[in-house]
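The following pair of complexes shares a single chain, chain A, combined with chain B in the former and chain C in the latter.
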Partner chain A sequence: MLVHNRAGKWAVWGLFLVLFLPLFALPLLVILAASFAGHWSGALPSGFTTAHYTAATRGDSLQALTTSLVTAVTASLLALAVGTWGALGAHALPRPLRRVLDALFVLPVAVPSVVVGLAVLVAFSQPPVLLNGTRWIVILAHTVLVTAFAYQSVSAAVLRLDPAYEQAAASLGARPAYVLWRIRLPLLLPSLTAAAGLCFTLSMGELSATMMLYPPDWTPLPVQIYAATDRGRLFTGSALAVVLMTATLLVLFAVARIRTRAAYR
Partner chain B sequence: MTGIRFDRVSVAYGGTTVLDALDLTVEPGEVMALLGPSGSGKTTALRAVAGFVRPASGRVYVGERDVTGLAPHQRGIGMVVQQYALFPHMRVADNVAFGLRARKVPRREIPARVAEALEMTGMGEYGRRYPRELSGGQQQRVAIARALAVRPGVLLLDEPLSALDARLRSGMLAELARLHRELPDVTILYVTHDQVEALTLADRIAVMDRARLQDVGTPRELYRAPRTGFTASFVGNANLLPVTVGAKGVAFGGVELEVDTRGAAKGAAATLCVRPHVVGLGPGPNRLAGVVGEIQWRGATHRLYVDVAGHRVMADVRELRRPPAPGDAVEVHFAPEDAVLLEAGVSGG
Partner chain C sequence: MVRRLAWSLPPAVLLAAAFLYPLALVVRQSFQSDTGGTSLKPYTAVFASAAFRQALWTTVWLALAATACCLVLGFFLALVIAFVPFPGAKAVARFVDVFLSFPSFLITLALLFLYGSVGMANGLWTEATGEASGPFHFLTTPWGVLLAEVTYFTPFVMRPLLAAFSQLDTAQLEVAASLGARPARIVRRVILPEALPALAAGGGLVLVLALNEFGIVLFTGAKGVSTLPTLVYSKAILESDYPGACVVAVVNVLVSVGLYGLYRVVSRRAGA
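After this line comes the complex of A and B, so read on.
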């Protein structure tokens, strides 16, 4: 802490709580409360029940959770592969070309995701590549959306990588592929896992593009939440939202553990 | 046995020439120091051998092989850089084994060769450690072991001691000299800006300045009889006095000095090079009268700056019991055989 006297510390903590609670914590707490509520007509919910969770962890809802997890994991891994490849490739390019590539990769973020969804829908609704109606169109759209983040964080890390390591490796007789596999990728591992976590989180929460694309047998959890609340079942929607949050956080924790191990090696 | 040969090697970065037509041969088994200030092109020359800079013109040979167009990993050299560049995610033993694995040395030979290389640099006990768990000097030893493990014919050292403190540096200097005695076949190209390292370690020194090779010779030749003013001032910080060649010596500030003129034309302008440590205080041969401008106590010696006829003459004398004060009139002298006559127009660098 930069504030050293006791009163100052309390004041800063107070200010932090006043700002943090209403902005960040309260909405989440409200959802948590609603997910256990039977009724909510007064200031506080009443009629504590776990029935919403029973509903949220079986049948269609459980299916939606698996769908979301499979989509997010596949999309993040694809995005990581493409983004890392792109970032490493871009690094070897002359500066003007690298700028062009940077811009290309950022494009899906700069464009509203609804537009990306529409673009993917239009592009893959007819041969030669007909993906509409399959799960792959959802995964593809998610990959397109999150690759930008993978590219950006890996590309920043590649730029920071000291060329002395790869030069030392090359002078010891290592071919470029061997240097990439044994030196550059391991040194990039912390950034790669950070990028993977980011991509996963973004994909887990993606709704707008997914809405335009999802086939009946591939309904991710955010769509399920939207459908529940749309039909007025707010408490069920809240329970689903808590499940979504928990699943995302669990995976992020797992990734963070790999990260600390990678940083310690 | 492999030597190194630079054949008119030039390197340019975006229009600036950083190495200008370098012609230099390093004999097999020789330690050649590339000595010069920063920006003199010495590191560029080393990187041209390693393959990290591409010459604009000229060829680089390692042994009989023209390596100019080869990628770094095809050149079969060992290299140690200033920051060591040990792989932080690998243990010391894996760092040393890296080159062996990359070159597909049979798996069962690797442990013995790693142990041998670590033993050679006194790091045998540290194989299980990670680089960040080692001190600077230990990391340096591991970097050298890693470069030597692949048994290169040529070892490139790029300012290998400059990240160490003074005490460690002299220890490592002795260590490098010992390593070279144990591996007499390895040709070493040693880049440094430190004349003590170059004088101590090198069989020959190539002095570089402003992208050009200024002088090549054994340390003794360069120190005793520098061919250029830059060498004289960079190696050993010599006094450079403008003189006129006379009948049996030279004239400086109206005083006749007895020195070997080596057939220089009478009446010609020249530069007299005299090392500070051969200049004595008091009367003697070749005496010069002047006024003390400044005096520095350096422990074992006193460094005097004496103004003689408008020029500042440096003298390093054994610590004086009663040192003169600035402004005192003094006499300094030097033996005729301790001075070297250089061409005119060179000045202290």
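After this line comes the complex of A and C, so read on.
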């Protein structure tokens, strides 16, 4: 469309590949290759083995995977509940108040997650609520970090809802709770699942706030990956990273399937 | 009205208790010296340290450089995918989406294999020349962090751009071309004005993300590279200096919010 002659096209494509392959495709391929490598001291990895995966799916590493999954699922569900409630509540308010609520819910995105971690650490290491050293402090921090995304996603969808459906239901005598349960939430389902996927992904990969907070018996997968690479066990780290990516993509895929079924209904 | 307000209160109260209250405590602690009582001592101590000033400068220039590189690179890549499409361009666009769902530190991990001291690039070099060690040592310098940040954040620019390009009527391009405009001129006069809002949005996101990035810097493992977020971590967790960590945290939030505000003003002036 933009470049019409053949030579020009090939030149542009060549430049694209030269930039795209080493910058974006190569890093993921390298992690995949390294996770199977016995050693890598020359140009290419050698001594292919699946030992790193055997190590990555048992003991501490398996524990880290379940920790990550439990944390991400819990934090996503909590964030989804609070974010959806917040978005629906804000929608019913007059504009100035809605602005205040919007700002409050979006603020955690602008604040560095390390600072969120520090704040949660400072606040919940002292009375009245003592959470330091428990798994709940990690889950709480993740929830705070991802709630903003749930709120934004749902609140954009609420604005696009056709009010005719709920007005029709209400005029037929449906009470507000019934309208919410049978009309609004089903209509919001696609954006709810999209938000759930996003929250889950972010929580699975969260490292910065977690590094500030995690107790010894609740180490999520990213922390485990850091611990492995910091001790120089790069191949184990890569295998763990592949496990993390696979788990994330599998859950995202499952969530996307819920979405298509909801859209057909 | 009162009923509606009452219904929308609980989530706001929950968030305030889990986020605003902790943040307020951080600000309060940043004004407390070891002996107790309110004082500016933590601030004067932190501002006097060379490590802090170094970290502040590194954070700001890294974020600005990463934003600039991501904008240029992302604009070019999105341009090719949208307007000089090749077989598989759709798959590349989807790959970019997948890329966004991975955590940032994976990039640094990959770069360790590529450009680390025993990595692929140095391995190729020593095999080819027979020297004892290769020439690539930039990974533990700020340049390594910059490369990782550009790699990880460019998709954040490409996604809004691709969305904007998909709504651009290609007839405009055909008309401009048929009137004799060369590709460079079409890009400058037709595509760029349409893309400015998306470019500005992506750039703002990258700026904030780069200012707050932690995982990439932590994974380089370089003692020489320290940014504000890693300084917060090392002060709080490694040195247990909480007032100091809180001071750096407050400065980090102010820098992020301030630079983002400045960016919005500048990009509005520029017509986005």
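Here is the rule we use: the second predicted complex is superposed on the first by the 244 of 265 C-alpha atoms of A that agree within 3 Å, B and C clash if a C-alpha of one lies under 4 Å from a C-alpha of the other, contacts with A are read in each partner's own complex, and residues count from 1 in each chain.
The working rule: a contact is a pair of C-beta atoms (placed from the backbone, for glycine too) under 8 Å apart; a residue touches a chain by one contact, two chains touch by 3 or more.
In this text, all values refer to a predicted model and were calculated from it rather than measured experimentally.
**Student:** By the touch definition at the top of the document, which applies to A:Ala174: first (chain B), second (chain C), both, or neither?
**Tutor:** A:Ala174: touches chain B, not chain C.
**Student:** Per the contact definition in the header, classify A:Pro186: touching chain B only (first), chain C only (second), both, or neither.
**Tutor:** First partner only.
**Student:** After lining up the shared chain so the two structures overlap, which partner does A:Thr248 touch, if you call chain B first and chain C second: first, second, both or neither?
**Tutor:** Touch status of A:Thr248: second partner only.
**Student:** Regarding the shared-chain residue A:Ser153, is it in contact with chain B (first), chain C (second), both, or neither?
**Tutor:** neither
**Student:** Which chain, chain B or chain C, is in touch with more residues of chain A?
**Tutor:** C
**Student:** Which holds for A:Ile31: it touches chain B only (first), chain C only (second), both, or neither?
**Tutor:** second
**Student:** Scan A:Ala164 for contacts with chain B and chain C and give back first, second, both or neither.
**Tutor:** So A:Ala164 only meets chain B here.
**Student:** In their complex, what parts of chain A are in touch with chain C?
**Tutor:** Residues 1-4, 8-9, 12-13, 15-16, 19-20, 23-28, 30-31, 34, 40-44, 82-83, 85-86, 88-90, 92-93, 97, 101, 104-105, 107-116, 118-124, 140, 143-144, 147, 201, 204-208, 211-212, 222, 225-226, 229-230, 234, 237-238, 241, 244-245, 248-249, 252.
**Student:** Could you please specify the touching residues of chain B with respect to chain A in the complex?
**Tutor:** 50-52, 71-73, 75-79, 81, 83, 85, 87-89, 98-99, 102-103, 130, 146-147, 150, 156
**Student:** Show which residues of chain C lie in contact with chain A when the two form their complex.
**Tutor:** Those residues of chain C that touch chain A are 4-5, 7-12, 14-16, 18-23, 25-26, 29, 73, 76-77, 79-80, 83-86, 92, 95-96, 98-99, 101-107, 109-114, 118-120, 123-124, 126-127, 150-151, 154-155, 170, 173-174, 177, 183, 186-187, 208, 211-212, 214-215, 218-219, 221, 228-230, 232-233, 236-237, 242, 245-246, 249, 252-253, 256-257, 260.
**Student:** Across the complex, what residues on chain A touch chain B?
**Tutor:** Against chain B, chain A makes touches at 162, 164-165, 167-176, 178, 182-183, 186-187, 189, 265.
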